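Both complexes below contain chain A, partnered by chain B and then by chain C.
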Partner chain A sequence: MDWLDEFYHLSSALTDYKVVQLKGTGVGEEYLDVLSTIIPQDILSELFDCYRSLKVQNSSKPKEQLIRDAILCDAKLGPVARNIIKMWYLSIWYQMPDDWRQQFGKPNQGSPKYQDVQFVVSRNAYIQGLVWEALGSHPMGAKQPGYGTWSDKPTDKGSVISTAS
Partner chain B sequence: MNTVDEFDVVIVGAGISGAIMAEQLGAKGKRVLVLEAGSGTGDRFWSSGGANSKRDGYESYMDTFFTALAKIPNAPYPDNPNAPQPLVTDLEPITPNQPLTNGYFVQKGPLPFASTYTRAEGGTTLHWLGTCLRMLPEDFHIKTEFGRGLDWPINYHDLEKWYQVAEKNIGVSANADEQNYHQIDNPSVQIPYQDGYDYPMEKIPQSYLDRHMAKGLQGMTVNFDGKTYPIDVVSTPQGRNGMPRGSYRPVGAVGDPDLGQRCAGNSNCVPICPIQAKYNALKTLMQAQKTHHVEIRTQCVAYDLEVDPVTNHISKVHYKQYSDPNSSDHVCKAVRGKVVVLAAHAVENAKLMLASGVGNSSDQVGRNLMDHPTMLTWGLMPSPIGAFRGPGSTSGIPSLRGGDFRKNRAAFRIEIGNWGWSWPEGAPIGTVPDLIDQKNLFGKQLKDTIASVYPRMFRFGFLVEQLPDPNNRVTIDPNYRDQLGNYRPVIDYDVSDYSRAGMAAAKHVSDMIFQRLGVEGYTEYNPSDPGYVTYQGQGYTYNGAGHLVGTHIMGADSKTSVVNREQRSWDHPNLYLVGCGNMPTISTSNPTLTMAALTYWAADNVYKALADM
Partner chain C sequence: MYINEECKPIKVANNKLTPITTVQELHHNLQLAIELEFATLPTYLSALYTIKENTNVCAYNVIRSVVMEEMFHLTNAANVLIATGGKPALNNPEFIPSFPTKLPDKEEWFTVNLRKFSPEALATFKYIEEPAELAHGLITIGEFYENIIHGLVHLNSDSCVDLFPSGTCPQIEHKYYYGGGGIISKVTDLDSATFALNAIVVQGEGMPTSDWDPDKPLPLEEMTGIWSGDHPLFMQPRELAHYYRFDELAKGRRYICGDTHNSGPTGPEIPIDYSAVYNMITNPCSKDYENFSELRELNHEFNRIFTELLNQLHQAFNGKPETLEPAVGTMFRLKYAAQELMRNPIPDSPQEFYAGPTWEYISASGW
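Moving on to the complex of A and B:
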């Protein structure tokens, strides 16, 4: 089962970035690695199944509402989906909420690479955070836009990293 | 060991003032030793070696920065228990009679001292913003002029030539015909520059926000005590590489000089410029070593100055040398210097003198600790101004730095911040989770919200003057020590009504500007903020500016000051103190440029003194 592909499609729906843009960051595999280390396999599987079934559903409701109904307001899947969004935007894994951990969390076996505590996923992940292009700039400390660019009108193309999809 | 290394000059501290001293004296053939308490990265930009022989370069600080959760000013510089440093995350409100001890500082209050510094080779210039303002002529004698604070034993004209030296060697980008403030209709702030003088590089381009604000505030005035003052947006002089004038060549990164020839807009001056386009003291340390007369020993913490009872000279500097920051294993060593220079930072200089019982016949060592209590106001501009781009600040409003109101309340300089709400709210990293968890946004809505709101974020910083107060002080207490057994600074600190009145006036100016520009205000001061104070029933919050001033002030009288106008200890003929600790008042300029100018002067004094030794 190719979870990476499912992960990109779900992430695309949650972030409104195209799959090709998400793949372009080069950190999707790392995020999935974090996710599948910390979140129990059956829950992840349920999340991906759920999104797959939404895609084929023939509903008159907008897709956004279907995602809210089936995933975001679900006690088990919602917090996982929100963590996926935060990871893409901010490159940080946030500890799962207390009540979720009590109800659904399982202690990691052995000594895995990632623990369910707050951490920056990696140096490269910080640089690839979606928030920077969403706000019309570049990650602070990386992808330097060049001398004097801060003087340009913010909508000038070329002075900022384009968000055009 | 029978022999003790002997040098012409022993300098404690490898920050900017120690580096300037070492470079100036080394260049004139003096044998110089610099002792640095913290670690360093040598002259390497890139890390080298394999897993077992890895030698960290400056780039290793970037790794630490990128993966740090809290991107605070000291985030890139690893925690070193043998040379601990204060962190802004240590701050909390202080309960009366219960010192705050969770960080390096022992804070006795009543208010927390909010500023920090870096204990590593290069010092706090590793994370400074680079602002290089000169002091106003009136700032040197506010006691005479306004009946407040203290007069300096020197004046602006004494220091002017040293300002020029400092501006050249730091590499400051600015235009003299703007920085003399002659365009500002407030004679109190105007600064005389020598005819024909200009900075080594042209001014750094002002941000789109600066220009938007300058346009919106054109012609605006405010009234204080019946007098009218202008509100003028002016580009800020910066120790950051821009377009060179004439034959000047910018100094690039240490270890990879092709980098950092020009600011490239990394928007990360604090906590670390990735390419060293912003000046840091590593550049001056490298120049010092090129003289072949300067040796730098890192991981050597000076802890005692021994005094010759006959001559009153400092005869030896004792230090603890460690090889692993995480182990307290160390060896005690001593060195001699014909001249000893303390350049360890305002707090550390005071601490070392108090620990050694030297230089304190005036009882002023450690006293008169000052900062710029920095009050922020923030909001959303009606249209995108391109937040989170460029150097942290490229302009300010300096037109209220001086005036008769200083008889009644503190002056302030307004800094215009280019990084949205990163300081007041931790945006975007600290604020986006709320959009997802509480505002329940995802997908297009989330993306559109960020795109429409964040580019409109802006903040002011009001750097409010603080007067010298002997009760704001650094002391030591045998009960509080670090891992090596060295003293931790114990700090008593308060913010007087004079400064609080300045904060109130600043808030008033901010409110008027917000009205004029149609800014949607989001400023909030909470009683739970560590720096929360009240004045006439209103609450305000200050933050630390990182401008630690005072602690060994210069003066004309040995009974009321620690050093004379030559920056030599009144008590010990071969002991010089340098750094912001020498400054008797802080006024409204970020202190580094003035401190650097003073240090060039002090280096000249030391050189002349050595001729007679």
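Moving on to the complex of A and C:
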């Protein structure tokens, strides 16, 4: 299994979106690129190992509490996992917390593509942020929902289906 | 030029299409017209949506422009059916063909597949839009409509037939159509019905003329057969007919002043990158996903949205035109669901194929 596959499975557990939905955004590879440029390899490797062992011990998709205990509460892995969640939902890379950077961060060597500062991952990633779908909304001006649909309540989405005659 | 590996042309007898002599036959043919116009959409949209974000911009815009006008054609055919007292039927599984397919107007000389954006897809697109003047002995969409127009003329001259009865369902008005060439016009009599059907043909195949010369240059002579009919019919900007828009993509060049059908396009190059395309499996079917539950669900979700769209269109053409407004929202959701599928590789596919939607109407029992 390569990291991309592991990244999708971990992301699916962290975001509660299915792997096919995450792949369906078309920007997962960019996110992994950001992550593996900024986060030291050994920490990423530890994070994926940790999730893999949770899966091995507890069926294919570990329960939320296990992920909270083993990953999100961990001083080293937790902030990385939180950044992965924020990246998927908001398509923004947030600078890692100060204490994490002091303890675990490594200065970037050379001039890599991504630095650990706050930035929007890409123009396309912004459109693909999960937050829009989760809100029942859309990225304004970037992904058309159809004329007049802004007056529909998000919950109305399913009701039109019942018009089948 | 009409032969490729997978489909050989079938020469049709001189009397290619059966003349229409009853209102029932007319309605049947107009229903076929609606099915024909709709059947082009999965074909064009499959190629369109496999184009990766921010790539192949020109090709994307060209295919999209044709898709918009296919919806115009569908509406025109539906308006003629409504005006003659018929009822368009879009809300059933038979409305949509299963791909690969032949088009429902008896154009049996080529096969329509759902393909990613590729030279093979463009070759099919050109077959679909083939001008009648080029397809000697073969049925084209233009001839199919010509047969309907003959039927309308015949029935209109019959004093026993009330061809345009009063009290029919409301037709789709022009305000519902935007973003493409042509204007939806109300159908009330033979002239307006003929106009609406002609508008379909001249967008796809170009302006037909009896003495069309494929060596006449563009655009010095108005009737070259290369332009769509939007300029003479609707006073809209000049645009190439669908066939020639696709020909530009297939050849990777623009038509310019002085070009003819026979010269092909000799203008500036169109940048096309066939590698910047999701590698969608040809003619996706539910069997492709039977071992992959998440892909199966994603495809089912697409088909739910697709079914919802067909139900909305059915309502719009059967008394509630205002349903077209939410239907446009459904069209966008359909697009996003299709793209979601197309970005997913099919696991363990030796050819590294990606998924794609299967375009199926789900009847109530399968919901």
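Convention: the second predicted complex is superposed on the first by the 150 of 165 C-alpha atoms of A that agree within 3 Å, B and C clash if a C-alpha of one lies under 4 Å from a C-alpha of the other, contacts with A are read in each partner's own complex, and residues count from 1 in each chain.
Here, a contact is a pair of C-beta atoms (placed from the backbone, for glycine too) under 8 Å apart; a residue touches a chain by one contact, two chains touch by 3 or more.
Since the model is a prediction, treat every value here as computed from it, not as a measurement.
When both complexes are overlaid on chain A, the residue A:I85 reaches chain B alone and has no touch with chain C. Legend: residue contacts after superposition of the two complexes on their common chain; A:F48 is shown touching neither chain B nor chain C. Contacts of A:G148 after superposition: both chain B and chain C are touched. Touched residues of chain A were counted for both chain B and chain C, and B has more of them. With both structures placed on the common chain, the touch criterion links A:F104 to neither chain B nor chain C. Contacts of A:Y114 after superposition on the shared chain: neither chain B nor chain C is touched. In the overlay built on the shared chain, the residue A:G26 is in contact with chain C alone; chain B does not reach it.
Common to the chain B-facing and chain C-facing surfaces of chain A are residues 123, 144-149, 152, 160, 163. Against chain A, in their complex, chain B makes its touches with residues 62-63, 65-69, 71, 205-208, 211, 242, 262-268, 272, 274-275, 384-391, 394, 418-420, 422, 428-429, 432-433, 436-437, 440, 442-447, 450-451, 454-455. Put simply, chain C touches chain A in their complex at residues 52-54, 91, 294-295, 297-298, 304, 307-308, 311-312, 314-315, 323, 325-326, 328-332, 336, 339-341, 343-345, 364, 367.
Of all the residues in chain A, the ones that touch chain B in their complex are 13-17, 64, 67, 72, 81-82, 85-86, 89-90, 92, 94, 118-120, 122-123, 126-127, 131-132, 134-138, 140-142, 144-155, 160, 163. Of all residues in chain A, only 18-21, 23-26, 123-124, 143-149, 152, 160-161, 163-165 touch chain C in the complex they form.
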